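In the two assemblies presented below, subunit A is common to both, partnered first by subunit B and then by subunit C.
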Partner chain A sequence: MLNRIYDWVDERLDITPIWRDIADHEVPEHVNPAHHFSAFIYCFGGLTFFVTVIQILSGMFLTMYYTPDIENAWKSVYYLQNEVAFGEIVRGMHHWGASLVIVMMFLHTLRVFFTGSYKKPRELNWIVGVLIFVVMLGLGFTGYLLPWDMKALFATKVGIEIAASVPFIGEWIKVLLAGDSVILGAQTLTRFFAIHVFFLPAALLALLAAHFIMIRRQGISGPL
Partner chain B sequence: MSKSRVSRRQFLNYTLMGVGGFMASGMLMPMIRFAVDPVLEAGAAGDYIPTSQKVSELTEEPVRVDFTYDQVDGWYESEVTGTAWVYKEGNQIVALSPVCKHLGCTVNWASDKEHPHQFYCPCHGGRYEKNGKNVPGTPPTGPLDEFDVKEQDGLLYLGAAKPNTLV
Partner chain C sequence: MHRGKGMKFVGDSRIRSYEKNRIPKDYSEYPGKTEAFWPNFLLKEWMIGAIFLVGYLILTVAHPSPLERQADPTDTGYIPLPDWYFLFMYQLLKYEFASGPFNVVGAIVMPGLAIGALMLVPFMDTTKERRPLKRPLPTAFMLLALCSMIYLTWESVVNHDWDAAKAQGEIVEEADVDTSDPGYEVYMNQSCVTCHGENFEGTPAGAPLVGTGHTAEEVKDIAVNGIAEDGQQLMPADAFQGSDEDLDKLAEFISGITNQK
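Coming up: the complex of A and B.
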């Protein structure tokens, strides 16, 4: 049945070359753990992406209950965690996944560094990777405020002070982030929510696309 | 006719780029202005806020003075509590902000037993002398901010926080 549906679509739209182009590619022996177990170090990039997908999905579902408003943010998080079925699991996935992304990304960075994969012709992909790292840290920073508990509030106070210490433009960055020059409050929360849920994920997806297109273009770097 | 005539292709290119640029900026300009509004908003001049601290009861030992005021945060209005450390230096009243100049934690007077005559920040061990001067070798990079002060009907009034003038 599924085959016949596929054939029906393929006959009209010729979709086979599209998915072949994406999915059908050679995996060299030196990155295949079935040949050399030590090749598992090549998995960390893929694991980072896997956890990122979990983050995006669990985050989408969290926004079904979460409210970015200082009166209700904490209550909505409390409710979705304690009253909603599997709320603890879904929030737990997002909470632990956030740390796991950073860990996996760091291990991936180490692998790229120690296999020398950042060298010519892959310098641009290293740079895009560093930008992804920055966006991920931004996602972690903005997401941390959203539960609106004391820990979140004071961590953000400290984080914004750090941003404000940037020479010359620090004060602007601070106001842009906080939405007010002295208060860390209602406007900060809505801004952080917007940045966390729309701006940074959009940037992340664009950078990931660039990251992956470059890998396909250049292939996986050779063995040591 | 000049030598470099504009070809049809170039003309179309310029036109499309011009129109496209105009449309793009028409979309982006309102959005960017919308996003940076807090940066461009003029800061309101600080009024003096009354506290319940009697000026006559101030001594040379810093005391914690809490004060409340109405705060407008965008669409959200609330009554918030602020804190100052206040003492008398001769006839002059000194009110220091408790916000640590390292990373914004809250400092306390004499809360570190080893340094009973200094302000101490519990977060990273930052210390300040009584006039707010940061102790070299501890994390803070500058002295504690100072509030404008005035006396009215025997009570202490606090104004806006400003960079320390005593150090």
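Coming up: the complex of A and C.
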């Protein structure tokens, strides 16, 4: 049955080459922990992606309750944490996942650095990787404000001040982020929400696609 | 079109046929045991993912994610702290060469240089050599950066008053109070309110009275005789000055204050 559905689609869309590009390739011995235990360092990138998927899923469920408004943001998080069934788990996974994704990404970066895997021909993929790192830090920064509790507000104040100290365009960045040159309030919360939920994830998905396409095109770097 | 199942397209916008063979290269250039990604390798990788997920979930269940009290922009005494992975930058900004007039050095120049250098690594380290020990400069710089990040994070952790940070952000319980209760009037007219606060939230001089768990009898005793703990007088005796009737009303009222639901 499944084969016939596959054939039906393949006859019309020629999906076999797509499938081959995504999944039909070989994994060399030196990155396979089943052969060399020390090859677990090659798992960091995959685990980063794994946590990223969990972040996207748990984030989608969090937005079913969260309200990006200064009156209700904290209350909605409090309700989610204390009243909603498994809300504590979903929020907990998003909270700890945010830290884990940074940890795994950092380890992945170190692995790529110390194995010299960024060298020709993989320079572009390294640059995309650094951009992913920056986007992830941006996601961490914007997500920190959303619960609208004391540490969220005052840490973001500091963060915005740092952004404002950029020479020449600092003030412009500040207004872009906070929505106002003085007040950090309702506008800031909606902007951070939009950046955290739409702008940065869109950028992240595009960069991840580029990252993975390049890996498939170039293959994983050889053994040292 | 001779690919796939021999499909036919209508019109001219078809995907051009590839001149080169698009089948991915195998890894025969590497000696050793290669393995098919699908499904062999992916099945093993799931096991690593599953082990990771178990640790992740244990962390989530053992440490519920924190939530401080609702943001209050007027409380300017609050000392903020960024998430842990920004702590090294937070610490950097405390040093003289990176704060005050040199703030831009610590906030923009140094992080900017670090990210910029990281991005340009492939163009600075252009030799073919990949082993870390055979390219000492990149390795040394990375280890230096790593050590300074760990050191700065450590410094900021040991120099932070975590108990004060926890206390300043704690969610204050709002009392569920019937202000028409005769005991409320007694509370406001006696000296109680000066130390225990208008909303029973407590002050540095007096404990909060919300959900104390004391019975009316115990409250009466405390109001008259005070509380001592470990030889230290927490609340003085004779704080209550008034009739026994008022004391009854007060005790009944205070013992009934519960958390707002």
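By definition in this document, the second predicted complex is superposed on the first by the 207 of 224 C-alpha atoms of A that agree within 3 Å, B and C clash if a C-alpha of one lies under 4 Å from a C-alpha of the other, contacts with A are read in each partner's own complex, and residues count from 1 in each chain.
By definition in this document, contacts are C-beta pairs under 8 Å (C-beta built on N, C-alpha and C of every residue); 3 or more make two chains touch, one makes a residue touch a chain.
Remember, it's a predicted structure, so these values are computed and weren't measured experimentally.
S.K.: Determine, under the contact definition given at the top, whether A:V175 touches first (subunit B), second (subunit C), both, or neither.
M.R.: first
S.K.: Which holds for A:G185: it touches subunit B only (first), subunit C only (second), both, or neither?
M.R.: both
S.K.: Go through the superposed model and pick first if A:G92 touches only subunit B, second if only subunit C, both, or neither.
M.R.: second
S.K.: Just checking: does A:R12 make contact with subunit B only, subunit C only, both, or neither of them? Give me first, second, both or neither.
M.R.: Second partner only, subunit C.
S.K.: Classify the contacts of A:K157 with the two partner chains as first (subunit B alone), second (subunit C alone), both, or neither.
M.R.: After superposition on chain A, A:K157 lies in contact with both partners, subunit B and subunit C.
S.K.: Which of the two, subunit B or subunit C, is in touch with more residues of subunit A?
M.R.: C
S.K.: Report for A:P201: first if it touches subunit B alone, second if subunit C alone, otherwise both or neither.
M.R.: So A:P201 meets neither subunit B nor subunit C here.
S.K.: Tell me which partner A:H25 touches in the superposition: subunit B (first), subunit C (second), both or neither.
M.R.: In the superposed model, A:H25 contacts subunit C only, not subunit B.
S.K.: Which subunit A residues come up in both lists, the one for subunit B and the one for subunit C?
M.R.: 70, 154, 157-158, 162, 185.
S.K.: Subunit A touches which residues of subunit C in the complex?
M.R.: Against subunit A, subunit C makes touches at 3-5, 7, 22-27, 29-30, 32-38, 41, 44-45, 48-49, 52-53, 56-57, 59-61, 63-73, 75, 78-86, 93, 103-104, 107-108, 115, 118-119, 121-123, 125-132, 135, 138-139, 142, 146, 168-169.
S.K.: Mind pulling up the subunit A residues that touch subunit B in the complex?
M.R.: 70, 154, 157-158, 160-162, 172, 175-176, 178-181, 183, 185-187
S.K.: Quick one: in the complex, what on subunit B touches subunit A?
M.R.: For subunit B paired with subunit A, touching residues are 35-36, 38-39, 43, 71, 73-76, 103-105.
S.K.: Which of the residues in subunit A come into contact with subunit C in the complex?
M.R.: Its residues touching subunit C are 7, 10-17, 20-21, 23-30, 32-35, 40, 43, 46-47, 50-51, 54, 70, 74-75, 77-78, 81, 88-89, 91-100, 102, 110, 113-120, 122-123, 126-127, 130-131, 133-134, 137, 140-141, 144, 147-155, 157-159, 162, 165-167, 184-185, 216, 219, 221-224.
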